[in-house]
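In what follows, chain A forms one complex with chain B and a second complex with chain C.
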Partner chain A sequence: MPRCLVCYKWTLDEKDIKIKPDDLSLDTARAKGKISDFDRNAIEEAASLVERHGGVAHALTYGTPAVKQSLKDALSRGPESVYWIADNSAETADGFVTANVLAAAIRKLGPYDLILCGEGSSDLFNQQTAVRIATLLGLPCISFVQKITIEGDTIKATRKLADTTEVATVKGPAVLSVLGTINHPRIPSLKQVLAAAKKPNQEIKIPELGLAPECLQPRAVRKSVRGFAAKRKKITYKETSAAANVANLAGSLAAEGLC
Partner chain B sequence: MNFQLTEEQQLIEQSAREFAKEYLDPIVVRLDQMGEFPREVVKELANHDFLGLQLSAEAGGAGAGFVAYVAVIEALSRSCAAVASIVNNQAMVSYSIEAWGSDAQKKQYLPKLLDGELIGAFALYEHGPAPGIGPDALIATKRENCYVLKGVKAYVRNAAEAGVFVVFAVTDAQDPKSLTAFLVNANTGGLKVREKQSTMGLRGCSVADVVFEDVALPGSAVLGTVKAGSEITGRVLALASVAEAAQTVGIGQAAVEHAAAYSKQRVQFGRPVGTFQAVQTLLAETATDCHLARLGLRHVAQLVEDGKPFEAEAAMVKSFLARVGSKMLIDTCQVEGGMGFSEAMPLPRLYRDIAGTTLLDTPADFPDYAIAAAIV
Partner chain C sequence: MPGIFIFSEDTALAKQLLTPALELKQALAQPVTALTLSEDSAKELAALGADKAVFLQSASAWPEGLSQAIHGLIAGAGGSVFLVGGTLRGKHVAAHVAAKLNAAMTTDAKSLKIAEGKLLATRLLYAGLALCDEELALPAAVTIPPRTFLPPNAAANAGAVETVKADADPRVAISDVVQGGGTGVDIAAASKLVAVGRGFRNRGDLKLAEDLAAALRGEVACSRPVAEDEHWLPLERYIGISGHTVKPDLYVAVGISGQVQHVVGARESKVIVAVNNDEHAPIFESADYGIVGDLYEVLPLLTAAVRKNGGR
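And now, the complex of A and B:
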C-alpha cells in the first residue's frame, strides 16, 4: 500500500518552438505547455503501482505561474491530488533551486514511501532533480529505472545502463527516476479528463516552505540559448571523372575532420 | 467573444490527438488501401469515451458537450477522417435514440452503442430524389400488429458492420410528411446489406445499400412518433453537417502542416521552397481558409451547446468549406509538386477524403437554402 509522490515539470512543447533564422534565438511565443515527456512516464508508473498495490498517488510540481495550466492534465492521468508551487523563481531555477523547493515541499507533505521523477526534463534534461531531492531528504536514489516492483516495503528497480541492466533493491522510502521505456503512458479517457476537475489541488507558496533566500539562488546561470541549424557548404564537384569527384569529396570531408 | 476552448475542452482535444497518433496513424494507410472497418480502433474509441462524449451523463455519455465533440472530430480527422466518419455516423444514431427514443429503446441500444459493441447506421437516403419517391422507395405499410417495410435505402454509412439501423420510411406513399423513423436490428428477417461500394475516399467507413424485403416491425420499433421522421432528420443532419465541417477542417489542417513541413525540407535553387513567395502564398491562403473555417465552426458548435438556433450558421460554414475544402488540397499538393501527387505522400488520401466530407450528406449547394431561409 505505497504512498507515492510523483514530481513533474510543465515545459514548453518543443515541437512548437521555432528557431529564428537571423540570430538562432528561440521563438517560444506560440509554444504550448506540456507535461515533460519522462514525467508522464513517472505519473503513469505511480498510477500503475497504485492500481496494482493499492495506496495513493499524489503529484507535485514547481514552475512559473503557467504551471497552473498543468493541474487537470496531470490529474486526468491518475494522481488523486496535485500540489503546485507557482513562483517566478522557477523561470531561472537550476537543479539546485528546483530540488530545494521540491524537497522542502515533500518534507511538508510527507511522509511518502516512494518518490518518482522523470529521468530528465524535456527542455533542459539536466538529470539533477531526483538525485538532489534524495540527497536533501537523506533517502536512497535509483536512477535510469525501466522497471519497478514492490514487495512489502522493498522496492526492486531494474536500471538500464549503457549496454547492460542492473537490478537494485532498496527499503522505502526512496527516490527513483524513470526512463521513457518504463511504460506507455495512458491516454486519459474523456471521463477521466472531466473527473480531473473534481479532484483536489492545493497551492503551496514558497514562503510556506521556510527556505533560506540562498536556497532560491541558482548556482548555474543560463547565459543564452541558441538553436542549431545545419549550414550547407554548397560545394559542387564538377570534375568529369567520377573518381576525381570522389577524391575531392573525400578531401572535403578530411578537411572537416570527418574522415 | 472567446473562441478559445476551455481547459477541459483543450484536454479532451489533446486526448483525441494522442489517441489519433497512437491508434490511427499506424493504420490510416492500410485503411485507405484496403477499406477495412477498424473494429479494434472502434473498441478503443469506446474505451476512451469518444463514442458517447456529447451525450448526457444520464444517457451514459461523458456529457462533454458539442464544442468538445467537434474538437475531437477535427483532431481525429487530422489523422484519419474515415474513423471520424464512423464516429459521426455512430453519434447520429445514438443521439437520435437519446433525443427521441423510448426508455426501453434507450436501455436496449445506448449502452451497446456507447461501448462499441453495437455499430449504428443512419439509413435515410434512397436512389430516388427523396425518401418515398422512385421505384425502390422504402414504404412502411401499417398492418394489424406491425409495420412492413419494403424497398431500398441507399448510401448507408457503417452499413456493413451495423447492428442497428435508424431507418426512415414513409407510411403513406402519397404523403412525404408521413416520414417515420424505425429502429431495425440488422438480424431482422428480410433485411439484407448489399455489397460494400468502392468509394473515392473515407475508406474504412463502409457504404452500402440496404434492402428491406417485407421486414416486419412491431409498433415499438418506431423512434419518436409516427410522422416524426422529418423532425428527426432535420435536427440530426444539421448536427452531422457541423461534425462533417470539423472533418474538413481537420483534413485541411493536416494538409497545411504536411505541406509546410515539406516546404522547409525541399530545396530548389539552393534554398527551401518555403522561402519562395509563390509557395508562401499557397500556404498562407490555405492556412487562412482553415483558420476562418475553424472559427466559424466553433461558433456554430457553441450555438448548439447553448441550445440556440444554429442551422443557418452551420450552413454558412458548410458552404464556405464546400468552396475552399478541395482548394486547400489542390494548393497544398501544388506546394509539394510531383511528390504531392505521389500516393507515397498523405496528400492524395487527404484530397480524396476531403471530397467526401464536402460532398456527402449535405451536398455543397444545399446549405444556401438554409442560409437564405434565415435572412430572406
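And now, the complex of A and C:
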C-alpha cells in the first residue's frame, strides 16, 4: 500500500501565447493556466497505482500565487489532498531552486514510498527536477519511465530510451519521472470535479521550509526571451484544381533543386 | 586545477561535444577531460583533442548508475563546466551532477559562450515557441542535443588516456535490456522526409506517403499522435519536441495541423512543404510552399510529378 507523492507545475498554456510581430516579445495576456502536460501523466499514474494497490496519493506544487488556480483541477484527477507553495520566487526559479523547494517540502511532509514527476514541464522543459529531488533527498531515481509495477516495497520501472528498453528495479522509497506515453490522463468526470471541492488543500509557506537564502537564488538566470520567428516563404497554392496546385508546387521544388 | 568535462554514453555524440568544449577551453584557459564508458571511445576522444580521456571501468553498463562516480571525478578536479550529450540518459547524469554541485543546469542548449566569467546558453521555451538566453553561474552542467555541433578535426597532439574504476549505484538493478526494437531507420539522417499526421484516415492510407517518400528517395516520418496514439508508425519516426529534431533538405508535412510541438522538430529543415485541407492550419505559417487541398487527391499527383522529374 504505497504512499505516493506527485509533483506538478502550473504553467501557461503555450497555445494561448502570441508572438508580437514588431519586437518578437511574448504576449501572455490571454494565456490560461494548465497543469503541465507530462505532470498530468504523473498524476494519473499516482492515481491509478493507488486504485490498484491501495495506499494514498498526495500532490505537491510550487509556483507563483497563480498556482492556487490549479488545486481543484489537480484534486479532480485523483490525489486525496494537495500541498501548495505559492511564492514569487517561482517566477524566476530554475531547476536548482525548484528542486530545493520541493525536496525541502518532501522532507517536511514525508516519508513517501514513491515520488512521481513528469519528464519535464510544458514551459521550461528542463527535464531535471526528478533527478535533482532524488539527489537532494539521497534517494534512488529512475527517470523517463514508460511503465510502473509495484510488488510490496519493490518498484519495477520499464524505461524506453531511444532504441533501448530496460527494466529498472529498486526498493522504495524512490523518485520516478514518467514519460508522456505511460498512460492517458483521465478527463475528470463531473462527480470527480465535485468531489475535488471537498478534498483538503494545505498551503506551505517558504519560510517553513528552513531553506538558506542562496537556495532560492537561481543559478541559471533567464536574460532574454523572444518569440521564434519563422523565416519561410509562405507561398500557398489553393486553386480549385489539385492538378494545377501540384504542377505549381512541382515547379517550385524543381526550382529549389529538390525534385 | 579547474577543468571542462564532457560525457556521453554515445561516442559519436561525445565527439560532437568536443567542439564546444575546445571553444570553452580557449575562453576559460582550462583543460578538457572526456569521461567515457569504453577504452576505444577514450582513445578516439584523446585523438580529437581532449587533454585527457578517462575510461570509467565498471561492472555496470548502466550510465545513469555511474552518476555518483562521475560527480566524484568532476568535484575532485573542481570542474567548472560539464557538457553532456543530450540523450535521456545524459540528462539524468547531468541533473545528478548539477544537484550534487548545487549548480546550474541548462537542457538542450543550442549555442554556448563565455561572457564575463559566466556561461551564456540559448535554449527553447514553451515547446519551441520562444528562444531564451540563460546566464549560468559556474560551475554549470549543460546538455547538448545530438548533431548540434560537428566533431572537431584530429588534434596535432593526442591527449592522455587513463582508466579509472567506477562504482555503480548499487540500489538500482537493471534487467530485460532489449536493444533495437526499431527498424534501424535513422530519420535524422534522411535528406528528404514526408511526415504524416492525423489527416490520414487509416493506417493503410500511409501508402500514399510511402510512395511519395520513395519517389523523393526519402523516408516517412510522423507527428506524435500517429506514433503514440494510433501506433501506425514506430516512435523512432516521430518528429517534435519530445521526439526527433531533423534538418533535412526537404520536409513535406501532410495532414499535419502544425502545432508548435511538432513544428519545432522540423523547422531547421531547408525547405518545408505543407499539404492540408484547412487553409487556416498553422502549418502554412511554418512552410515555404503549401497546397490547400485533399491529401488523398494531392499526394498521388505529387508523387507522379516527382517521378516525372526524376526525384533528384
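By definition in this document, the second predicted complex is superposed on the first by the 232 of 259 C-alpha atoms of A that agree within 3 Å, B and C clash if a C-alpha of one lies under 4 Å from a C-alpha of the other, contacts with A are read in each partner's own complex, and residues count from 1 in each chain.
Heads up, the rule we're going with is that a contact is a pair of C-beta atoms (placed from the backbone, for glycine too) under 8 Å apart; a residue touches a chain by one contact, two chains touch by 3 or more.
What you see is a predicted model; the values in this text were computed from it and never measured.
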Notebook entry, point to check: So, does A:Leu194 touch the first partner chain B, the second partner chain C, both, or neither?
Noted result: first
Next item on the list: Have a look at where A:Asp163 lands relative to chain B and chain C in the superposition and call it first, second, both or neither.
Entry: second
Margin query: Contact-wise, after the overlay, does A:Lys234 reach chain B, chain C, both or neither (first, second, both, neither)?
Written below: both
Note to self: Quick check for you: in the superposed arrangement, does A:Ser76 touch first (chain B), second (chain C), both or neither?
What the structure shows: first
Note to self: Which partner chains sit in contact with A:Ala66 here, chain B, chain C, both or neither? Use first/second/both/neither.
What the structure shows: neither
Notebook entry, point to check: Given the superposition on chain A, which partner contacts more residues in chain A: chain B or chain C?
Noted result: C
Margin query: Just to be sure I follow: which residues of chain A are touched by chain B in one complex and then by chain C in the other one?
Written below: 234
Margin query: Please output the residues of chain C touching chain A within their complex, sorted ascending.
Written below: 62, 64, 87-89, 91-92, 94-96, 98-100, 102-108, 120, 124-137, 140, 169, 171-182, 192, 216, 228, 235-236, 241-242, 249-250, 259-260, 263, 267, 271-273, 279, 284-294, 297-298, 301-302, 305-306, 308-312
Next item on the list: Can you check the complex and tell me which residues of chain A touch chain C?
Entry: 12, 14-15, 17, 19, 26, 94-96, 99, 119-120, 122-128, 130-132, 135-136, 140-144, 158, 160-171, 179-181, 218-228, 230, 232-238, 242-243, 245-247, 249-250, 252-254, 256-259
Notebook entry, point to check: Any idea which chain B residues touch chain A in the complex?
Noted result: 7-8, 11-12, 14-15, 18-19, 22, 47-50, 53, 62-64, 68, 270
Checklist line | In the complex with chain B, residue positions of chain A that touch it | finding: 69, 72-73, 76, 187-191, 193-194, 196-197, 234
